[in-house]
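Pasting the structures here.
Two complexes follow with chain A in common, the first pairing it with chain B and the second with chain C.
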Partner chain A sequence: MTRFFRLLRKDLQASLLPLGFLSGITLIVMLFTRVRIATGSWPMETALAAVSLPLVFMPLWLLWQSFQTLRVEWREDTVYTLLVLPVPGWKVMLAKLAAVCIEYSVLLGVTVFGTLIFFAPQVQLAMEVLPGSLWAVRNGILVYLFSLAMLASVVIFVQLAFVVSRMVGRAQGLVALWTLFLSSWLVDLCGSLLAPLFRWLPALSLDKLFRLYEIEAGIVVNWRLASEIGSWLGILGLFVLTGVLFEHFVEVNG
Partner chain B sequence: MSITDQALIISNLRKKYPKVEALKGVDLALPQGEIWGLLGPNGSGKSTLLKCIIGLVKPDGGEIKILGQVPSRRTKAQIAFVPEVENLYRWMTVRQAIDFTASFYEDWDEGRIPGLLEFMGLDPDKKVSSLSKGMRARLKLILALARKAPLLLLDEPFSGIDPASRDRIVEGIVRQFKSEVQSMIISTHAVGDTEQLFDGVVFLDEGTVSLQGNAEDLRDQYGKSINDLFKEVFA
Partner chain C sequence: MKTRRITLIVLILLTVLFIVDVRYFGSRSLKEPSVDFNISPGFRQPEAHKSQEFVRPQHDITSLYLKGRHGVVELSSAEGDEIRVQAIIWSDREEVLEVVEVKESISGRELSYELSSDLEGEEVGLGFVVEVPDGMEVTVEHQFGTVRVEDFLGFLNLDTRFANVNLNDVEGTLTIKNSFGNLNLQRIAGPLQLTNAYSTCTVELLPVDGGYDFDIEVVNGSLKHNAGFQVNIGGNNRVGAQGKWGEGVHPVHIRSNFGSVVVNIDK
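On to the complex of A and B.
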């Protein structure tokens, strides 16, 4: 595990600068919005849009980052270092995946922190409508975990597409795009094919999980897990495949 | 000489890139405990050959045996490779680059580091990005020489390096190489300054071995230095 953590630390250190920059920008946008609200220059809708801006760009930036962490290894020839290390390919990929997830967590943490600091009165107003701070925190953590799982699966698709594109000498962008389409279709197929195996699983009641009944929203959402589990297994398979391809089939001249 | 005496055996190795056939059936046997020069002009296939051994490039055919094993994750742990390209993370300090490499190899000898740093004239607190090309080449060599790896592969370690750094690197190799347990291949097209290093040489020309053998035997046989022989073969 030491080797994995060494790789993870390396990937985190490499992204310290952009992460710090984005965190700073997020806080500056929030502070600026706070000032505009305080001076009455902006209506609430505009302020809300401004605060949401970093949240909209965050997933895009993270997707770019998951592509970039691999691309930069080729661009700066450090892939020569990575590929000669006596470590399994999946560890290299897992370190990069974990780094993106940590970056996401940090950015989200900064956003929450900024919201609590700069928009305390608005948060207090919202809390009066919600059943309680414990409910908000609990649901916040659940949303965070769901979004983290979503992000991780998308990063796995991106990693596979990039690694496959590096196995060919030309039209790498096109190959990456096709790999994205093909792997999405494969995961979908995996979900459909394996669904009968997991039919015995009960549906997950999201309204109960999120305790929506406490706000008397009257929303009922049941999540059928049977096909989802097949898809997750498919994504896990893609992750293992990426590791194998990276370790055994990628060439520095590819 | 038996198979166990060979650090590396390559038979009929072939590699074709989309536009060029880089290796056309290369045969090579590197005796244990020796330093061999892989000599040839640019584009002769030297780098491809070394990349095939370490696993950075997949051969199209032929066989490679490293200490009796086919290339794998295990053989990667037994090879110290210095590529021609700048493969260091530029945002790291010299110390960080050393620590990063050290954590992946069981044969790492931390005790060699202070001496190597002093000899190569490197400040561990300096960022890699602030080092000159010669200094970075020295650092790459430190990362290889600090290991007790049975096989060392140095790809053009003197390319584009100032004479002072070149002399340091040659001296560093001579000092640190342990012939009882190590073998080494150095690829280069600058034979002059390095000839004294080689126990044996392989002349690679357009993907084929045009001449190979013990350096002393070749000098006796042709009555010339390896450098003159190189000039004659590749004239």
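On to the complex of A and C.
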């Protein structure tokens, strides 16, 4: 585990500067918007834009970052050092995945912090719609966990696409894009094919999990897990495959 | 080189499979979604309901507290010395009705009625038909559905969310906190304190001895009136209005966020 954490630390150190820069930009944009609203130059609705902007930009940046962390290893030839380490390929990929997840958590934390600091009256107003602050915190954590799982699965696709693209000499970008597309189709196919095996599972009641009845009675949201479990297994398989292909990179280039 | 070849062959095979899948099993991608979403908001015809009636002499009781959700709350003043409360509970399931009931309690001089248990996740509604003696203080907390108050004389506190509120011929002191529901106050006489959000609100005041002292602030909304006071348009989409009608004895204090407010005096 120590080696894994060393890899994780290395990846986090590499992203410290862009992370700090983005956090700073997020807070500055929020502060600027707050000042403009306070002086009456901008309408209050711009607060929503100031909060949404980082949230929209964040997934795009994190996908780029997951691609970039692997690209840097190849560009700086540190990939050979990684490959001679007594660490399996999946651990290298897991460290990079964990680093992206931590970056996401930090950026989200900064956005939430900025929102609470700079747009407190608007948050208070929005809280009037919600059943209570505890409800909001609880559901916020749940939404964060769901979004983290979604981000992790997309990062796994990106990692596979990048490693496969390194296996060809030409048109690496196109191969990466095609692999990305194919892997999402493959995962979907896994979900459909394996669904009959998991039909016995009861549907997950999201309305009860998120306590939506506290907002409005009569909302029913059921999540049938049968096809999802097949997809999750597919994603896990792709993750293992990425690790294996990564380990054999030296052989490919030998 | 072996790994590269295998990888490329697998990639080509998957591409062929993908083309075959799209060409011959195109409908597979149209599989039914894994999330079912269904919403049936607001008041709807209940499957089962029961009612409980409570009649109490007023004696030392000066205030009444009602906590409902969905359904209708009807409140009026009546002659005599009795507090009459008819509580109507409804649910989608008979077995829920068997375990839930309206709890009556007295704390000091306050009499209150609410559901005995919250029954998380169950759709249970509670409405009231209430008659109280003149001059009582009544507090109604209600979510969804409708609140109707007619011919009421006394102190009225309303805390409503997602509910349509209609008040007609109300005389006394009113404190209202409302969000996400239309508020229609007609023929109101007396002091009014109103906090309103995400809602359209109409206030028709009756001319009373002593007149009214208006203090109104509307943020992100509109304000219309015929009471003759001056409207100040400030920054941050803020509209403020202060002024007196008559001697300005009865305060009319209105705060509204994201909603429209109409204040008229029935001259």
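Note that the second predicted complex is superposed on the first by the 246 of 254 C-alpha atoms of A that agree within 3 Å, B and C clash if a C-alpha of one lies under 4 Å from a C-alpha of the other, contacts with A are read in each partner's own complex, and residues count from 1 in each chain.
Keep in mind that, in the parts below, contacts are C-beta pairs under 8 Å (C-beta built on N, C-alpha and C of every residue); 3 or more make two chains touch, one makes a residue touch a chain.
From a predicted model like this one, the values you see are computed outputs, not experimental measurements.
Let me test your reading of the model: by the given contact rule, A:2 touches which partner, first (chain B), second (chain C), both or neither?
After superposing on A, A:2 lies in contact with chain B but is clear of chain C.
So, does A:14 touch the first partner chain B, the second partner chain C, both, or neither?
A:14 contacts chain B only, not chain C.
Looking at the overlay, what does A:40 touch: chain B (first), chain C (second), both, or neither?
The second partner, chain C, only.
Contacts for A:76 in the overlay, against chain B (first) and chain C (second): which applies, first, second, both or neither?
A:76 contacts chain B only, not chain C.
Which touches a greater number of chain A residues, chain B or chain C?
C
Which partner chains sit in contact with A:86 here, chain B, chain C, both or neither? Use first/second/both/neither.
first
Based on the superposed arrangement, let me know which partner A:176 touches: chain B (first), chain C (second), both, or neither?
Neither chain B nor chain C is touched by A:176.
Do chain B and chain C touch any of the same residues on chain A, and if so, which?
In chain A, positions 251-252 sit in both the chain B and chain C interfaces.
Show which residues of chain B lie in contact with chain A when the two form their complex.
Going by the criterion above, the answer is residues 17-18, 51, 54-58, 73-74, 76-77, 79, 81, 83, 85-92, 96, 100-101, 103-105.
Which residues of chain C touch chain A in their complex?
Within the complex, chain C touches chain A at residues 1-4, 7-8, 11, 14-15, 18, 21, 28-29, 31, 34-42, 44, 69-70, 120-121, 123, 125, 144, 162, 179-180, 197-198, 219-220, 234-237, 257-258.
Which bits of chain A are touching chain B when the two form their complex?
My answer: residues 2-3, 6, 10, 13-14, 76-81, 83-88, 169-170, 247, 249, 251-253.
In the complex, go through chain A and note every residue touching chain C.
Result: residues 37-40, 43-44, 125, 128-129, 164, 167-168, 175, 178-179, 182, 185-186, 188-189, 192, 203, 206-208, 211, 213, 216-228, 245, 248, 251-252, 254 of chain A touch chain C.
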